[in-house]
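When the chains are written out, they are named A, B, C, D and E in that same order, and each has its own residue count from 1.
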Amino acid sequence: ENEKFVLISHAPDSDSWWNVIKNAIQVAGDQMDVEVEYRNPPTGDLADMARIVEQASATNPDGIIVTIADFNVLQGPVKDAVDKGIPVITINSGTQEQSEKLGALMHVGQPEYDAGFGAGKRAAAAGAKSFVCVNHYITNPASVERCRGFADALGVELGSQMIDSGQDPSEVKNKVSAYLNSHQDVDAVLTLGPNSAHPTLAALRDSGLAGEIMFGTFDLSSEIADAIKAGEIDFAIDQQPYLQGYLPVVILTNYARYGVLPSGHINSGPGFITKDNIAQVEKYAGEYR
Amino acid sequence: MSTPLIEMDNIEKHFGPVIALGGVSFNVMEGECHCLLGDNGAGKSTFIKTMSGVHKPTKGVMRVSGQDVAFSSPRDAMEAGIATVYQDLAMIPLMSVTRNFWMGREPRKSFGPFKWIDFKHANKVTMDEMSSMGINLREPEQAVGTLSGGERQTVAIARAVHFGAKVLILDEPTSALGVRQTSNVLATIDRVRKSGIGVIFITHNVRHAMAVGDRFTVLNRGQTHGTAKRGEIKPEELQDMMAGGQELAQLEGSLGGTV
Amino acid sequence: MSTPLIEMDNIEKHFGPVIALGGVSFNVMEGECHCLLGDNGAGKSTFIKTMSGVHKPTKGVMRVSGQDVAFSSPRDAMEAGIATVYQDLAMIPLMSVTRNFWMGREPRKSFGPFKWIDFKHANKVTMDEMSSMGINLREPEQAVGTLSGGERQTVAIARAVHFGAKVLILDEPTSALGVRQTSNVLATIDRVRKSGIGVIFITHNVRHAMAVGDRFTVLNRGQTHGTAKRGEIKPEELQDMMAGGQELAQLEGSLGGTV
Amino acid sequence: MSDERIKQVSAIRRAMIRPELGAICGTILVFVFFFMIAGDSGMFSAEGVQNWGVVSAQFAIIAVGACLLMIAGEFDLSVGSMIGFAGVVIAILSVQWGLPIWLSIIAAFVVCMAIGALNGFLVIKTGLPSFIVTLAFLYILRGLTIWLSILTTRQTIIGGVKEAAEGDPLAWLFGGVIFKGLFQWLGDIGVIETFTRGSRMGQPVVDGIPMLVVWALGLVIFGHWLLTKTRFGNWIFASGGDAQAARYVGVPVNRVKILMFMFTAFCATVFATCQVMEFGSAAADRGLLKEFEAIICVVIGGALLTGGYGSVIGAALGALIFGVVQQGLFFAGAESSLFRVFLGGILIFAVIMNTYIRRMITGER
Amino acid sequence: MSDERIKQVSAIRRAMIRPELGAICGTILVFVFFFMIAGDSGMFSAEGVQNWGVVSAQFAIIAVGACLLMIAGEFDLSVGSMIGFAGVVIAILSVQWGLPIWLSIIAAFVVCMAIGALNGFLVIKTGLPSFIVTLAFLYILRGLTIWLSILTTRQTIIGGVKEAAEGDPLAWLFGGVIFKGLFQWLGDIGVIETFTRGSRMGQPVVDGIPMLVVWALGLVIFGHWLLTKTRFGNWIFASGGDAQAARYVGVPVNRVKILMFMFTAFCATVFATCQVMEFGSAAADRGLLKEFEAIICVVIGGALLTGGYGSVIGAALGALIFGVVQQGLFFAGAESSLFRVFLGGILIFAVIMNTYIRRMITGER
C-alpha cells in the first residue's frame, strides 16, 4: 500500500504538453492509492535529467518511469536503477529496443523519427513537395528527429527547411510569416507541438493561407482541436500522453503488489487525429488528451 | 553683532564606532570668509556635509539666520540658501556644462500639463555667468569632462552664486590646482565675499587661508582648536595649531618656515 | 660633473592632436632632489610617466647612467632602478599592505617546479620598513583601504626605497595631505635623498619645493622654462615662472605674497 | 582658458557626433544590405514591412525601458521573467478567476510595477549591483510564474483569453489595429496587395497598423522627450553619470532609480499584454532571454553600460536593426541557426563603433 | 599614526571576517536544513551523497574559473555556450571524423582556450566591458554549435562517443572513477549498500569517486593555491582591484586577464568533456544558463562582482550550496518550479550577508 513512484521527463518547466501526463499520474495515483512524483530538468538539459534519475534511485522508490530522451545519456543512471532492483518503465520518446537494452519492464510511447516519418507519408499522399518544419525547440534532439522523419518521408533534404523559431510566440509567428513570404512554393507545414502550432496557425490565418496549405502538427491542444474542426489543420499526431502517464503507474502498482505484468510493449501512438475523429477527442484536449 | 547667516552649535557626528565630530561650534557672518583648517581626517568634510544636509548630525543644533533648522536632504539646505562646492566637485563629466550648471533646479516652460526645460534660457544664462567669471566656453553643450580642473571649479562656484546662495561652502577647492588656477579661485572667493555672501573655505594650506580669510577655525580630530580673527594670528601659529604643535617642530629646522 | 642617474633629452610626447610634451630635457644626479613644477596640464605627469615606462616618448632620447634605454613597460623602468609614486597612488585598497608593498616583485620560495610567495618574509620586511618610516601598522594583513592618505603615501615611498631604487619619482605626493602628513613626507624625501638616491619631486607648491629641492625645473604647456639651482632663485621668482609671469601680478596685491 | 594646443573640431563633425550616430549608420547599412540580398523576396512588400516592423516594435517596447534604466545607471535582468509573469497574471485573473479583462490588465500593471519598485528598492537600500538583485528576480519571477500557473490551472499555457477579451475596451488598446479603413482603401486602389486566395480574398494583406507598433512609437517618443527635454530627464542622466554628485546637488537619485525600475516593468508589461491579446494565451516560458535582447538593442543604440550616457532614439534604432536582421535572414533564406552568430557579430561591431564616437564627443581617453 | 578614535576589533572577530565566512555559514545552514526535512529520504545515503556531490562538483568546476576571472575584474557570459560548443567539437571530431578521442579532446581544449583568449583580447584591446563582449560570444558560440552539429550530422545531438572512447587514456581521465577497489571493499563490509540483483549483484551502488569530483577538487585546490599563495595570484587581485595601479607597478595586467579568460574556457571545457565522456553524447543545448549559475556560485561565495576581492574556497562552497539545494529539494519532494524561487532568495540573502562582512574587513563605507 501507498507505494511511491517517480516519473522523470526531459521537458523543461515551461513545456505545456506535459500537463496531460501530470494530470494522468494524478488520476492514476488517486485511483491506485499510490504516490507519484513528477520531476524534470528545469531548463531541459538532459545531463541534468540524468542527475535526477540518479537522485530518484537514491531515494529507493517502488518504481521509476522515465523518458528515453537520449539513450546515451540515460543508460548509465537507468541501468544503475534497474540493477538496484527498482522496476523501470520507459515512456514517450525512445525506441522499444532501447527500452529493452536498459532493462526496463516495458516501453509505452512513440518513437519520434517514426512519428515524423508517418506524418511525412500523409503529407506526401496529399501531394506535398516542399515543406517547412517549425522547430521551437531546436536544441532538443528529439525535435530534430521529427523533422528528419518528415523530410525523409517526403524524400527531400532537410536543410534549411527546418527553422529555428525560438520559443516566443511572436517570434515564431513572424519567422513563419517571413519564411512563407520568401518561399512561396511551400505547400506543407509541420509544427512540433502547441508551442509552435498556435503562432504558426496565427501566421497562416494572417496571410490567408490557413486551410490552403497542408498543415500537420504534433500533439493536441484545445486550439489545435478547433483548428482541425475548422479544416485549418489537417492532422495532429497524437501519442496519447494520458496513457503514457496512466498506464505505467497502474502497471507498476500491480507489479509491486501482485507481481503481474503484461508482456510486450505498448504503443500509445502515433495516432492521427483528423476532422473525422476529432469530435471524441476534443472535449478533453489539453487536459486528458 | 548681527545674527550669523549660519550657526552650528556643538555638532556631533558618529559613524558607527568612529566619532568623526565631537562637538564642533562654528558660524559665519554676511560678507565674511571663514576658513576651516585641519589635518587629514580632522572631520572638515564631515562637518560641512552636515551643514549642507548630506549627513544628519548625531547631536547639536543648526541655525540659519537665527532659526533652528534640520535638513533632511541637500535640497533642503539649498532651499535655505546654502550652496556647497564639494571636494569631489559634484559635476557629471559626461553631461554638458548647461545641464550641470542647472542640475536640480532646471528652468522650465510649460504648456498645459507638460513641462520641459527651457534650454534657450538655460544656455544663455550659463554662458553669461561663466564669462562673468572669466571663462569663455566654446559652447554650452560642451561636456564637463572636457574642461580643466580649474574651469570645473569655476562652473561649480558660478552655479552656487547664481542660485542666490547666502552661504557658499568650498571644500578644498585649491588642492589640485596650479598657481594660476589657484589665484583665480582665490580671486573669485574674494569677489563673492564682497557681494555680501558668507563664504566657508576649507583648506590645508595656511597661505591660501591667510590670503582671503577673515576668521580661521582649526579642527583637530573632530574637535575645534579655537577660532582666530585675521591679524590676530600669524601663519606660523596657525600651522602649529593644525599640526597639534608637536612632532612638526623638530622638522621645521631642516625644512624652513611654513609648508 | 658625474654622469646623471637619469637623463631625458629633448623628449616629445603627442596624444593624437594634443602635444603634451614639446621637447623637454631634464636630468637628476645622485643624492639630489630635483623639483619639477608647473601649472595644471603643464605635462608634469606625462613627463614622469614617460620616464617610468608608462608612455613611450614620441621623440627624444632617454639615458640611464649614461646608457641609452627604451622602456617598453613600467617593469623595465623598475628593473633599471626607477621607482615611481604616482599622483593616483597606485595602491589597491582592497588588498593588504604586504601584498601592495610587494606587488610586482613578490619574494618567492620554491619547491621543484612550484613557486609561492614567502609571506613570512614579506610580512616581516613590510612591518620593518614601515616602522623605519615611522608608521606602526596594526598588522601587515590590514587592507590598504583602511589607511589614511599620508600612510598610503608612505607605503608607496617605502616600497620604492626598499626595492633599491636609484631614482625615486614622486608625483604631487603632498597635494591632498595635511600639514603634519606633508612635513612627514618632506622629511622622508630628505632622508631618502641623503641615502644617495636621486629624487624627482613634482608639486604645485613652491614652498614645498623650496623646502627640499636642490634644483628646480619649471614646465609650462609642454616646454621647459629653465632650471635653477637652490639659492639662485627666490620663491617669488619661481612662482612667477610657473604662472607665466602675467595675470597673477594684479591679484598679488589683494592676496599678499606667494600662494 | 581655452587651450591653443587642441585643434578645433569642425561644425559638421560636431553635429554628427551624437550617441545615436552609430545606430543611424548601422540602420542604413543593414537596409542597404538587405535591399541587395533580399530585395526581391517580399521583404519590402507591405506584408514584409509589417512583418519586421512588428518584430522591431516589440524589441523597441522593452528597449525603451531598458534604455532609460541603463542611462540611470542600473540594469534589469528580470525583464524576460517579468514578461512571462505579467502574461500569466492576466490570464489567470481573467480566464480562471473570471475578472473582466480590463481589470486583469490593470492588476497586472500594478503588480509588475510594484515588483519593479521592489527591485529598485532592494538595489538602493542594499547598495548591491543591480546585476545581482535582478538576476535573483530573474529566477524568482520565472519560478513563481510556473508555480502559479501550474497551481491554478495545472498547465503552463493558459488559453481562452481571446474569448474573454471580446469587446473589452482595454483589450483593444493592446491587441487591436488602427487605420483599418485607410488600409482597406489602399488595398482597393492597389497600393497594397490583396489576398488572392483563401478565406480573406479581396482584403488587403495588411489590414491596419497594429497597436503594438503604436505603443512602440508612443513609448519611444515619450522616452525621448522625457530624457532630452525635461527636468526629470536631466536627473536620469545625472543619476547614472554620478549618483553621489547628483545627490549632492539635490537630485532625488533614489526616486529616479526606483521610478526607472518601475518604468522598465511597465514596458515589460505592455509587451506581455500585447502578446497575450494577440495570441489569446499566456505561457510560463514567454520572454525567455528578452532581457539580453533589450540590453543588446540599447547598447547597439549607443548607450553606455555603466550609465549616464545614451539615447532613446538610438535604442529604437537598435531595435529596428535587431528586428530587420532577424527577419531579413529568413527572407534571404540563410540558415536560421546562423542568426545568433550574426547577432553576436553585429553587437561587437556596433559597440566598438559607438565607443569610438563617444570618445570623440567627450574627449575621454 | 594609529587613530585612538577607532575602537580595536577583537582577534576572534578578525579571524572570522574573511570572504568565505558567508558561504561557510550558508553551507552549515543548508546542511542542517536538509538533514531536518530530508534526512530519511536517502539524501545522505552513499548514493544520495554521490548524487549531490557530483552536481556540486560540476558547479564547482565552472565556478573556479568564473571566480578567478571575476577577481581579475572581468566576467564571462559565454561559459554556457562554450560548454555546448566544446562537447559538440569533441563529438564531431571523434564520431564524425573518426579521430581518436584523446586527439579530439585536446583539439577541443585548444579551440576553446583560443576562443577564451580571443574574448580576453577583445576586452583588452577595445576597452569594452566584458559583459558586452562575452554576451556577443554567448550568441555566436551557441549559433555555431547548432549550425555545426546540424551541418555535419543533421542532428543537434551526437551520440556514439562512448563506443569511440573505449580504452582511450584521456577519456578515462574525464569519465572514469577512481578508488574502485576501496569502494568494493566498503560494499563488501556493508558500509555501502550493494546491488541486490541483476547483472551487478554484489557490487556497491557507488563504485568509486567519479573523475568529475576529482577534477573539481583539483581545480579548487589549484585555484585556491594560485590565488592566495603565488605571485600570479597577487596579480589577479591587483588586476581586478585597480588595473591602472597594477600596471603602474609593473603587473602585466593584460596577460593576467587574458590568461584568466583562457582558464575560464579551460574549466568550461573540462565540464563539457566530463559530461560527454560520462554520457557518451554531446548536444547543442548543453550548458544553457550555466554562466549565470557559475556567477551565482561565485557571488554566494563572497566575491565582489566588480573584481579585486573573493575566494576560491568561497566559490566552491557556493557551488556546494547550489548543488545541495537543487538536489535536496528533489529529495524533499518539493515542487520543482519553486527551486528557482529558492535560488533567487538564497542569492539575495547571501549577497547582503557578504556585503556586510566585506565592509567589516575593509572599512569601506
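Observations, loosely collected:
As a working rule, contacts are C-beta pairs under 8 Å (C-beta built on N, C-alpha and C of every residue); 3 or more make two chains touch, one makes a residue touch a chain.
Quantities reported herein were computed from a predicted structural model and do not represent experimental measurements.
The chains in contact with chain A and with chain E alike are D.
Any chain bridging chain B and chain E, meaning touching each of them, is among C, D; the list is complete. Chain copies chain B and chain C are related through a rotation whose angle, from the C-alpha fit, is 180° to the nearest 5.
For chain B, the chain with the farthest CA centroid is A. Remark: chain D and chain E have CA centroids separated by 33 Å (rounded to whole angstrom). Each chain gets one centre point, the mean of its Cα atoms, and the points for chain A and chain C are 73 Å apart. Work out the mean CA point of chain C and of chain D, and you get 52 Å between them. Shown for chain B are the residues that touch two or more other chains, namely 41, 148, 150.
Residue positions of chain A touching 2 or more other chains, listed in rising order: 13, 138, 164.
Across the assembly, chain E contributes 3, 146, 150, 337, 339-340 as residues in contact with two or more other chains. By the touch criterion given at the top, residues 13, 37, 39-40, 42-47, 50-52, 54-60, 70-73, 75-76, 80, 82-85, 103, 138-141, 143-145, 148, 158, 164 of chain A touch chain E in their complex.
For chain A in complex with chain D, the touching residues are 12-16, 19, 22-23, 138, 160, 163-165, 167-171, 173-175, 177-179, 181-184, 194-195, 198-199, 202, 207-212, 221-223, 286-287. Residues 122, 126-129, 131-133, 135-140, 142-144, 146-147, 150, 292, 295-296, 299, 305-306, 335, 337-345, 347-348, 351-352, 355 of chain E are the ones that touch chain D when the two sit in their complex.
Across the complex, chain E is touched by residues 52, 54, 73-75, 78, 84, 86, 88-95, 99, 102-106, 108, 115-117, 119, 134-136, 138, 143, 145-146, 148, 150-151 of chain C. By the touch rule above, chain D contacts chain A in their complex via residues 38, 41-43, 45, 47-48, 51-52, 54-55, 58, 142, 146, 150, 154-157, 159-160, 195, 197-201, 203, 205, 275, 278-279, 281, 283-288, 290, 326-327, 330-337, 339.
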